[in-house]
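First chain written, first letter: the chains are A, B and C, and each begins at residue 1.
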Amino acid sequence: MDINLNVDRFNGLLYELRQLDVRNMYNNDFFLTWEKTDDELKAVWTVADILRTLREGNVSTRVFDSGLGISIFRDNSTRTRFSFASACNMLGLTVQDLDEGKSQIAHGETVRETANMVSFMADVIGIRDDMYIGKGNAYMHAVSDAVQEGHREGVLEQRPTLVNLQCDIDHPTQCMADMAHLLHEFGGPEGLKGKKVAMTWAYSPSYGKPLSVPQGVIGLFTRLGMDVVLAHPEGYEVMSEVEEVAKANAEKSGGSFTKTNSMAEAFKDADIVYPKSWAPFAAMEQRTKLYGEGDFDGIKKLEQELLAQNATHKDWTCSEELMKTTKDGKALYLHCLPADITGVSCEAGEVDASVFDRYRTPLYKQASFKPYVIAAMILLSKFDKPDVLLERVEHRGRERKKGTEYVCNLPIL
Amino acid sequence: MDINLNVDRFNGLLYELRQLDVRNMYNNDFFLTWEKTDDELKAVWTVADILRTLREGNVSTRVFDSGLGISIFRDNSTRTRFSFASACNMLGLTVQDLDEGKSQIAHGETVRETANMVSFMADVIGIRDDMYIGKGNAYMHAVSDAVQEGHREGVLEQRPTLVNLQCDIDHPTQCMADMAHLLHEFGGPEGLKGKKVAMTWAYSPSYGKPLSVPQGVIGLFTRLGMDVVLAHPEGYEVMSEVEEVAKANAEKSGGSFTKTNSMAEAFKDADIVYPKSWAPFAAMEQRTKLYGEGDFDGIKKLEQELLAQNATHKDWTCSEELMKTTKDGKALYLHCLPADITGVSCEAGEVDASVFDRYRTPLYKQASFKPYVIAAMILLSKFDKPDVLLERVEHRGRERKKGTEYVCNLPIL
Amino acid sequence: MDINLNVDRFNGLLYELRQLDVRNMYNNDFFLTWEKTDDELKAVWTVADILRTLREGNVSTRVFDSGLGISIFRDNSTRTRFSFASACNMLGLTVQDLDEGKSQIAHGETVRETANMVSFMADVIGIRDDMYIGKGNAYMHAVSDAVQEGHREGVLEQRPTLVNLQCDIDHPTQCMADMAHLLHEFGGPEGLKGKKVAMTWAYSPSYGKPLSVPQGVIGLFTRLGMDVVLAHPEGYEVMSEVEEVAKANAEKSGGSFTKTNSMAEAFKDADIVYPKSWAPFAAMEQRTKLYGEGDFDGIKKLEQELLAQNATHKDWTCSEELMKTTKDGKALYLHCLPADITGVSCEAGEVDASVFDRYRTPLYKQASFKPYVIAAMILLSKFDKPDVLLERVEHRGRERKKGTEYVCNLPIL
């Protein structure tokens, strides 16, 4: 196909973008959603929608003729890796993976040096480091500080900006994609006001899943005037600092943030449910300490305790019965994927197979926002006037995939 | 160099392409050659030649300004990996590898989910999965079905098409490249009619080599009116379904398909020989079953049996003596590489060192068609009017490698 | 930003490039600096500076619309990998890694075949193979010979050229980057004449570090009329062939090449110091032999001996005391990184932490030249008229990162 842009939609979104103050995003990192203003978050969703509109209209969104996106993952990650790769590709950046061992890159001097050594052509650095409490976000800041210093000292021609692809505190690309999905499903921010969302723990036969999703969700969703309920069994508390963020957000936005130890209470009349396993914060703190001490017997013992503790909460599952108690029995079911599906991926897990089946398409759509959200974060951090840039991109009218509609009078692009 | 296109050759090939009905290739996968029409196969060879002509003339064949080619390999594969990467690069796609463990991606729900999660920006997916009988081709279909559903449901903006980079049944990119080589060596399809080709088993000290090459060869070469002889020791039968395909092809094309247990008989007066080791189909079926049962003792035992069985057929080798019995002693020797060369890569193997030496250049040329064949398959599946596209590419006249011939009046490309 | 080129600087460098005879670099490899003429080395530095000037001015240096850079590493290598990837990206090439096992690719037939199989779309091949004495450089020549033959025989449409990313003899991309740094710091070749540089061994708790850096340094720095002193404890000799090169160079350039077993003597009044650990040449020869024989007990024993031998030279360290004895106490400290820093990365190492700290920014700058040096080597080997090419690149005026300065009258690029 040739270019087939929905121009009205594009212009509408561009108009929205122009109302927002994004000046502070330029040449800046994206660590935690609650470090960003409302305008800045809106800009991410708006630019994500613009990029999607352009792509669906076969307009190339390539804004870098060359350049690198560096990805640093402490853990295997197919989905996040592909989302980052897709985002970079869409903008014209090539991904180069930094595959250092899990511990090798940990110390101050090494972080500083490696960060500079891999950044000579880097426009952006994406990091996933969610394993150890108190470490991931700190590591990202260390990398960012190092490349800023490198740029100041004339080593790096530019400052590579950083996108947090999941840390110990927040999972901003996931939660921003989740919210992009909700904004589409509920007709924008107005449609979300006063809606009840249940962010609840759910049983999984594995242990030690990161806290960044529940923390990211309560830290973000409370900003949109929603009634956010955090539910988990006793002992599965999340970071108290993030709960404070959620409380303050709710107060400001006119929503609410409440906690309960009952999944049923959280699901009751909920418009949106997000049942998902995570590890107790205190246990993850302990695990981090044990790793630091190299106490592998202690780690093994802790793992056994956690699995046993989990197993006492198998009733925390997103069952058909619970779904019936939600608003009209039709709450929107969210998950960051992959889910532990009862009878499919495990004997007993986070969700009934029939519930998951019914929501498969919405779940995939939820995930589909992530590459666009990441691309939007990159774009907003690399270009001082994103609105002008996107107008130029539209005006350029370059086909992403070469068209075959006509032969005569072809512009030589 | 600047652009230096052989315009006559380009126009001739484009004219040929225009005679072919390729409508059904658009938005479609390439699984098995015998699922394609004669026109469709011809289109692959023609487009491959056009791409090669353009590249040799320094005309950029980049038809994607951005986009991803996903590669999924169940096995290490330098050659196929590079061929796919080269094909993608030539068209403007960036390769992103999906490196999941061998078994991890096996189940229904996971295949469906992963296929969609990696495909948000994917234009094409290349899969090599040849290890287990009854699994590889089925897996590819599962992936294709999943992304088609994802596209239908609005998750994926487009349908990524799939290229079979080797399955348990066929090795279409290899065999189409082999045939491209033959078409060049023998002056097109007319020159191949009535030629005798010996697809024969040959001894190798390793065991369990895939059946996809001999199966692919008899399933394809029989369509060109050739006399195809399949030779192997008793017990090294290929899939009977593919033999049926070969028989039907031969009947339709005016060629023949015969079988023998004598390598000498196959080589006698042959115009083309393709001596290559493979594993018995029945044994591979058994191995697949043993893997499914996790019976590793059984696998080890089977391996020993197969090696012992192989060792009784060391006389099945492409020797100078046998080569002398071919047409004028000068049959064209084919191999998909790497070959087990007697006295070079092993003590006793598939071919004499002197034979291999003499055919090294033709063998490398044979291999050189693969990137172009893969690129042609991708192009034909992604563009509804490949002829118009290629005309536009030529008209655009963009240098692949920037030229240095003149300085004045440079067009700004 | 839009384009913001320092045109005077660009024109000045282009003028310099035009004075140099680079005809023999076209379609040629880069193995050892002493195989290149003075003009050719100057061309590398000049083109590196031009590329940096263009990039800093946001002018796209993309000269390939598509194409591959193949990287072959026998060893893990974050820094070299990123430098090569950055260089390729800057020119428009996509990197494809060849990940074969350490020994798998060693034999004649295999080298020849693999080299061709990965090169169908390859413009350049970068190889790092520094582990075994007598092997690395030889392997690179084997690859180069193979692809030249492939091109001659019509297998490869072009001849991929080769860049030595470190071999057993030289480390040209490192040493050329080191020298680019010196040329910038000392005001060009005139500023370097008569300067004293101490290339000295230093203690490290690890063993077996490559000899390619000290060898590369004495083989290159002696060409610029510098007084090069090579210092090491007895038993840490480098290849005598390279010492001969250094002597001949010094004679021709009007500099000098001397040796000493005293670090203090080397540092005395030095303008530049390069203290760095390496393994004794003779021991590396022995290790190569032991590997060839598969004598792993012998290797372990050798390792213990070498570590013990190292440990008797802990006083060979770049201390504050030694630095005070250099010219005005302010010699420029060089290192190829990563350094073994006393009290930081190890208990006792190559350099005092306070010395390293003071020189961090210059060290990072030193490293920052490498991607540009590699890109310059590629460019000079792939384009017959690099001056015309670079003029066209400047004239094209394509933004690397799309600009946002103006909206009206935009050229459609």
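One rule holds in what follows: a residue touches a chain if its C-beta (ideal position, glycine included) is under 8 Å from a C-beta of that chain, and two chains touch if they have at least 3 such contacts.
Note that the structure is a prediction, hence the values are computed from the model and not measured.
Of all residue numbers used at the contact between chain A and chain B, under half are used by both chains, marking a mostly different-residue interface.
It takes 120 degrees of rotation, in steps of 5, to superpose the Cα atoms of chain A onto those of chain C.
Between chain A and chain B the centroid-to-centroid distance comes to 40 Å (mean Cα coordinates, whole Å). Contact with two or more other chains is made by residues 94, 413 of chain A.
Within the complex, the chain C residues that touch chain A are 1, 52, 55-56, 60-62, 78-79, 81-83, 85-86, 89-92, 94-95, 337-338, 341, 344-345, 360-361, 364-365, 367-368, 370-371, 398-404, 407, 410, 412-413.
Looking at the complex, you find that chain B touches chain A at residues 63-68, 94, 96, 98-100, 107, 109-110, 112-114, 116-118, 120-121, 123, 150, 153-157, 382-386, 388-389, 391-393, 395-397, 411, 413.
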